[in-house]
Structure formats: C-alpha cells, structure tokens
Amino acid sequence: MLGLEKKDFQLLLVVAGLTLLAPFILNPFPESSGMAQFNAGYPDLMQRFVIFGIFAIGFNILFGLTGYLSFGHAAFLGVGSYGAIWMMKLISLNVIPAIFMGIVVAGIFALAVGFITLRRSGIYFSILTLAFAQMSYALAYSVLTPITGGETGLQIKSTDRPLLSNLEEGEIGRANLFGMDMRASFELNVGDWLFTFNAGYYIAAIAMLASFYLAIRIFRSPFGMMLRAIKSNQTRMSYTGLNPRPHTLAAFVISGMYAGLAGGLLVAMDTQVGPERMFWTASGEVVLMTILGGVGTLIGPVLGAGAIKYMENILSKINKDVLHQWFAFLPDGLEDFVITLIYPFIGKGWHLTLGILFMLVVIYLPGGLVEGGQRLARALRGKKASDEDGPKASTEPAE
Amino acid sequence: MEAIILQILNGLDKGSAYALIALGLTLIFGTLGVVNFAHGALFMIGAFCAVTLSRILTLSYTVVDETKTDFLGNPAKVDVPYVYDLFGQATGDAIIDWAVPLSILFAIPVMMVIGFVMERGLIKHFYTRPHADQILVTFGLAIVLQEVIKYFYGANPIPTPAPQAFTGSFDFGAALGFDPNLIIYPYWRIIYFVFAAIIIGAVFAFLQFTTFGMVVRAGMADRETVGLLGINIDRRFTIMFGLAAAVAGLAGVMYTPINSPNYHMGMDFLVLSFVVVVVGGMGSLPGAVLAGFLLGILESFASMREVLAVLPGLNQIIIYLVAIIILLTRPRGLMGRKGVMEE
Amino acid sequence: MGILEVKDVGKRFGGLQALSDVNLSVKENSVHAIIGPNGAGKSTLLNCLVGKLIPDTGSVMFDGQSVLGRTPHEINQMGISRVFQTPEIFGELTVMENMMIPCFAKRDGAFSLQAIANMFSEKDVVERAESMLEDMNMADKRHMHAASMSRGDKRRLEIGMCLAQEPRLLLLDEPTAGMARADTNNTIDLLKQISDERDITIAIIEHDMHVVFSLAQRITVLAQGTPLVEDDPENIKGHPKVREAYLGETA
C-alpha cells in the first residue's frame, strides 16, 4: 500500500491512528481526579509532540542513516521559523505559504552549511555544525536584530498588514488555514472527561504523518541504502565509484528541510519566534530525543520527542505538595524520607532524570526505547516465538 | 597602542581559561582517545569547590554579645565562624579572606578523585565505542553533573570574591610609561594568567621530564605498541584523566572571582573550548594552548568599540568564524598531527 | 601500449623515497603481478594508481587518460576497481545490499540528482545483483549481514562487488593475505576463472609466490621503490637479481 511493504504500512497505520486519536489517548484521567495533571491532551502540548516529532524524524535521517552527528540542528529550525513569520507578517496569514517558506529557507541554509561542514567528518563535523549554529544564534540575537527582532524575537503585531489579508485597523492578525483559525478548538465533554480537538494540532499531525511516510520511503529506498553504506564504510563507497559527499549533503538538506517544516509549524501555532530556538541546548535536545527513542529506527525519534516533551511539561509540574498528597498514606517520617529521595528528580529537577535516563540508554540500550520495547516483547513472548517477528519487527534498527 | 595592549591583556584571562580547559580536553583525547563533553562540567565543579570551601570556612555558630544591642534593643546575636575558635580571630579572618586560593589545595584531591571515578566507572567502557557514543554519554553526564550542582547550590550565580589584597587594579599604563589610568588591569586577572602559565608549564614539564610523562607521550603516539611492551598503560591513563580533571578544576577555582560561578558555566565554556581544541589541532597540546590564548585575544579585540562600529556583533561570532575558516583551510587545525581523528 | 601505463613515477614521504622511476606497462586482458619484499613500495604504487596518493613525479595513464589528480570514485568510474588487503565491504548491510550498491554505481554514476530519482526504480539493479550473487555462489547468503561472514566469503563478496561494475582493470592488494590454504586455493581458482571468462585485466600485488606463479602471465619485481626486472614468470623464477632482492626468502 502506498508503495510500502506490509509491515511498514501497518506501522504507518498505527502511528496515524495514535496521532489522530491523541486527544483521547493522552487524556485518560478524569478531570476531577488527582491524576488529571498527567493528562497531556491539551492542544499546546499535543502540537509540540508532533512538531518536535517531525524535527527528530528529520534529524534521524541524517544521524541515523549516515552517522553524521550534527550538534547544530536547531539552527535550521530557527531559520525556518524566521522565514515563516516574515511570510506571515508580509504576505499572508495563511499557514501554508508560511510553512512552505520555512521549509525553503531552512533548505537553502542547510545547503550552504552542509556544503561547508560536510567537508569534514566525525568530531570535526559535530564541532563545525555546532559552531555554525552558535554563530546563527549570536547573529539572530544581536547583529541581525532588524531581521530577527534580537533578543525579544518576532511576533505578529497590530501594525503588521500582510498583503493578502483584509484586517481591520489595529487588529492583530491570527494564523489561519483558508480562514480557519489555528486556535479554533472543538471540545467534547464526556462525563468527567474533557477532550479538545484543536485545528492547529490536526494540521501539525497531518504534516507529521506526511513526514513520517516520506521518512519510511527514504529509509527503504536505495538512497537510504546508500546513506547506510556511507555510515558503514566510506572507503568502499569511494572505491565503488560513488561520491559520498553529495549523498550526505542531500541527506543533510532533507534533514534541514524537516527542521524548517517543524520551525514553520511552530510559528503557525504560536505566531512568534525568538533566538533561543537556535541555542545549542535546543540542538542538544533533538539529539537526546533521537537517541532516547532509538536512533536509526523509524518510530524511535517520534517516541523520544514525545517522551521528552512529556517530561518537560508534565514531570516538571509535580511539586512537593503533590508528592505529599501521593505519599500521605505513609507514616510521617517515612513520607518525608521518600519525598526527599524523589524530589530532586521531578519538578525543576526533571533535567536530572532526563540526563540519567539518557546515559542509561547510551550505555545499556543503544537502540533506545524501541530496542527496550523489542527486548521486553521478546522476553514476554518467550522462546517459542523467537523466530517469527511480529509487527514490532518493522521498527528494527535499519542500521 | 594603549588600546592594543589593553585588549591583549583583556584577552589573556579568558584565553587562560580556554587554554586550561582545552589542555585537559586534549590530554584526555590524546591519551584515551575519548571526546569528553563533560569536561566543562569539571571546570564548573572546580569553581564550586571554591564555593564549598568558602562556605565551610564561614560555617559559624551564634553567640549572644552582651556588649551590643540590635535595633530592637535586645542583646545582639553574632555569628562566630568556627575558624575563629581554631585559629583566633585575625588568622581566621585571613583564612576566610583567602578562601579562593586555599581552594586550590582542596580542589586538587577532590578533582583527582572525581576524575578517577569518572574514568573507571564510565569512560573506560567507551574506549572501543564510536566517538559519537562517547560524545553522547559524556554529554549526558554533563547534564547530570550540572543538575546535581544546581540542586545543591541553586540556579543563581554565587559571588566568590578574591582576597582583599588582590581586589585592586594595577595601572599598567603608568608602569609602561604611558599616561596613568589608560591601561588599568585588575590584579586578580594578572594572577589568573600567571597561575595558568604555571599550570601549563607544570603539565608540559611533567610530560617532558618524567618517566611517567614519557610513557604517556609514547602512549599518545602509539597506544598498542606501548601496551605490548608490558607497560600498564591503562593505570597511567587513569591518572592522566585525574590530572586533566584537576587542571580543569583548578581553572574553575581560580576563575570564580572573575565570574561568579553558576551551574551552566561549564557548558558555556565547553562549547568554546571544543572549538579551541579543534582549531589548535585535535591531540596537540601546544596547539590547544596556543589556540586558547589566540582565540581569547581575538575575541577581546573584536569587542573593541572601534571594531564593533564597523562590524557590529563581531565579538559574538569571531571565534566560530575563525574556527570555520581554519578547519576549512587547515583541516588538521593549527598544529594537528597527521592521522589523528581522520575519517 | 598497455591499458595501464606508469611512467617515471616517484613518491617521497619526508626523508623516505618510497618510489623512484617506476615504469610499468600492463597489457590488456592479462594478469600482471607486482612482487617484492616488504617495504618495496608495492602498496604505495597501488595507492598512486587509485587516487589515494598523488605521485610527486611521473604519469599514470589508464586507457590513454591520466588518472592523476582524480579522486578515487572518479578513477573507479573510469573502469578501475580495487580489492583491499583486508576486505572492505559494507559490514552492517546485507550481502544482497552490498551487491546492489556497485550495480547502482554502474548504472547511475558517482552522483547526480537524477540518480536519486532513478534510485526508486531498482528492478533491473535487483536482477543484476541477484545474478552476480549466483555467479559468486553466494545466493544462499543474500540476507546475511556481511560482517558476520567468514573472511573467505568476505573476500569473495568484495571481488564480486568489484566485478559487478564490469571494470576493465581489477587491482588486487594481497588478496590471500592471512588466509588458510584452502581459502587461498579457492581464491586462486576464482581469479583464474574470472580472468578466463571475462574481458578484464588483472593487476595483483602478492607476497605468496604460490599465488603469483599460479596466476601471473607477466611479473614486475619491485625492490626499494624501483622496478628490478619485468619479465615472464619462467624467467623470473631463476633470476639472480630477484634472488638477491629476496635474500633467498622465496627462492
């Protein structure tokens, strides 16, 4: 189906199902229950899940297939965002041209950066990409203030009069898709549950599914095979009459365009952008997502992006009071002790959990959550099924 | 002319910090073949050694001083540091005042131990894994270390002053025969530079003139052969890691009066120090030192008002720009050796 | 005129003159062996032929065109394939994928945007790779990871990958180094068969005289970076200069 093998198509269907039903799946707890704070089914967070999913899928095309570890990928996301917001400020508040602009600008920028950085490999490549990203950040932060808005960044203001819009005097433009406001939501009350279906989320989700589909096609294509060959043995690649650099550059640009798409979508959702989006910690984050989920796997980056964004938004909100509620059943002394033990890892300390988790994955689970899932599944199925691979097999590392 | 001298001086202290961190990074990379993204965290931990020691020294108990009253008219409560009891008030004050230099003694064993534990506990298992994995695991470690520090010391910078004797400035201009007050330079920065120079000299002397250093240098050149000679190279490399950690830690200790330490200072320095290492040439110790000072000074020149008037923001990007140009024209860096980290 | 003409090639590394005045002519469709003691400059010479090193002096012409200054992949596209001392294959890829890659390289060239589009039409490439695997007697191993095969099989795969490109000149760098006797004999048979059945020139660097004398139609002896003798195998066997160079090592 759709040019995919059966198991890949099944995977795509599963992902499509999960994304489209996310407002239900992510809101399993009733509003009035104490667990409600673990609900992630609100538009803002769901948008971030899929948008950073796109970012990580793109990063994985570069790192997972070719093994080139870019430490400056956030630059493309940022550049894409700036491109998109200018499109909105000047031409049209419709998100389609804005997103398109984000992809194009990021692609061109990736072409330029990749052309230079891919002349080196290994650690040199990582440092070069890092240097480019930090430079872009510094430029956006100070020098290019007329274009980037400097430290405060850019927003859509009441003075912006896009060419193709008929705004009232003083009205602040809103991102829309042919008139449909990105912030429009349909709310569904079922008993004690509240489900929100947000226009912006579904647009981002569709973009994510398209990106995911394209990533599967790339992974399974001979082009993907060439990229894996580059990772495996560049010497043999050259002595087989293939020039590794344009192949890697193509992967780099595709990966940059994915980042641009993510950047454009971020702007389409919240119509603002700031330079911190390009800071190297943002580049580090996409590395974390991809490794955590499973580098070189199809579904891994999406899972990793989801896991990290969930931790960032949910885990970080748990404070001491919440812990005291949870452990109220324990005797007082023990309660305090347990809370003292747990507290450093949650709330503001969630980065610590993330760092430890990340190290554990790199050390023990190089295949990330996906490999963890496979091992678990194998352990559960036992030996009898060891030679037959279920649908899970489609998420196997493509090396 | 004065302006040029001033900028060179200004570049020296940052350059010293870059050079010290880059030196440690290169030692680790050259001996163990490991790319250590947690090295900035070691710098940061060093800085917090100084914070810790000054806190320990000022640990005090409260006594009621009958001779004074507070603003409510009650007898005043006075905090008396424990060091007063041990050494008397005058010596005690001096010790507290000199907390930062004293931290050197405190930091060396602490950093050594941290280095040993890190190498034996984690890095050792990554010798044979790809550089990408080493980068990733040490990156994770850096996050963990910095979060741990943040948990104990909070997120705000902690001012840690230099001893009072060094808080003033030295009028370089007058000393060199220019008009007074043209080239003013804080004493502590001079000390930092001298300190860095001594450490760098000591590391080089250690590698050059001791048998231990000779074996390590041989190991940097050809690890397998040295291993075949029956020399226990692993233990020596562990010690080298401890040494590199100590160098980074000391750089951090002495940097605290220049910049109040916070938990993310390590990462800020690491990104630049990596650029320094790569510019100097991966695996070249003199290259790392040279590039450290060079980039520090370049950065300070780029922040001159006259330069910024022509090229605004140059100070923000100069290091990266230079790194990109050097890597593209001299792929091995300024002093890189053939065969190190190529493909 | 031979298909490969090496003229007055010299190469210096610092204080070491690795090659000097190397002249060599390889006849089309022959098997030409280059032998010599360790450090004679055999590998340096080979590296000069494939673009890994650029000689300081002299010229290397392949089929009337100079190869100097070209990158390895360009030289490969001219029709020179190289087999390495330790097999260089794509270890993490399957045997079938290993074989498909040279077939793509043959069909689409080093790289072009058109090639990315072409890559989605892979039917003819799959067929070609299948038939190459049949030829190499490796069809049953097609789903194995290449890294998990025996050294002999890796060598066989590497040779097969080179042949899949239909090169006009196949360069082999000590193809039997470190192999057991049986594997060595298999490799000799394979190379004989290739040379008999295909329109191909083979240049081989070899240490093992058994291999050399079973295959070569022409032999160049290299010593201290310079050719000593070039002659037919029967004349080389008893040649005094060759004995001297090897100090009785192989005589």
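For the reader, a short list of remarks on this structure follows.
For clarity, chains are labelled A, B and C in written order, and residue numbers in each chain start from 1.
As a convention for this text, contacts are C-beta pairs under 8 Å (C-beta built on N, C-alpha and C of every residue); 3 or more make two chains touch, one makes a residue touch a chain.
Quick caveat, the model's predicted, so the values are computed rather than measured.
Chain centres here are C-alpha means, and the one lying farthest from subunit C is B. Core chain by CA centroid proximity to the global CA centroid: A. Rounded to whole angstrom units, the spacing between the C-alpha centres of subunit A and subunit B is 35. Subunit B and subunit C have Cα centroids separated by 52 Å. For the pair subunit A and subunit C, the distance between mean C-alpha positions equals 46 Å. Under the contact definition stated at the top, the residues of subunit A that touch 2 or more other chains are 235.
Shared contact sites, meaning residues of subunit C that touch two or more other chains, are absent. Of all the residues in subunit C, the ones that touch subunit A in their complex are 50, 71-73, 76-77, 81-82, 84, 88-93, 97, 100-102, 104-106, 109-111, 116, 119-120, 122, 125, 161, 165.
By the touch criterion stated above, subunit B contacts subunit A in their complex at residues 35, 122, 125, 130-133, 135-137, 139-144, 147-148, 150-151, 267, 271, 274-275, 278, 282, 312-313, 316-317, 319-321, 323-324, 327-328, 331, 341-343.
Looking at the complex, you find that subunit A touches subunit B at residues 67, 69, 116, 119-124, 126-128, 130-132, 134-135, 138-139, 141-143, 234-235, 280-281, 284, 287, 291, 344, 349, 351-352, 354-356, 358-359, 362-363, 366. Interface residues of subunit A, counted against subunit C in their complex, comprise 221-223, 225-226, 228-229, 231-233, 235-243, 246-247, 250, 399.
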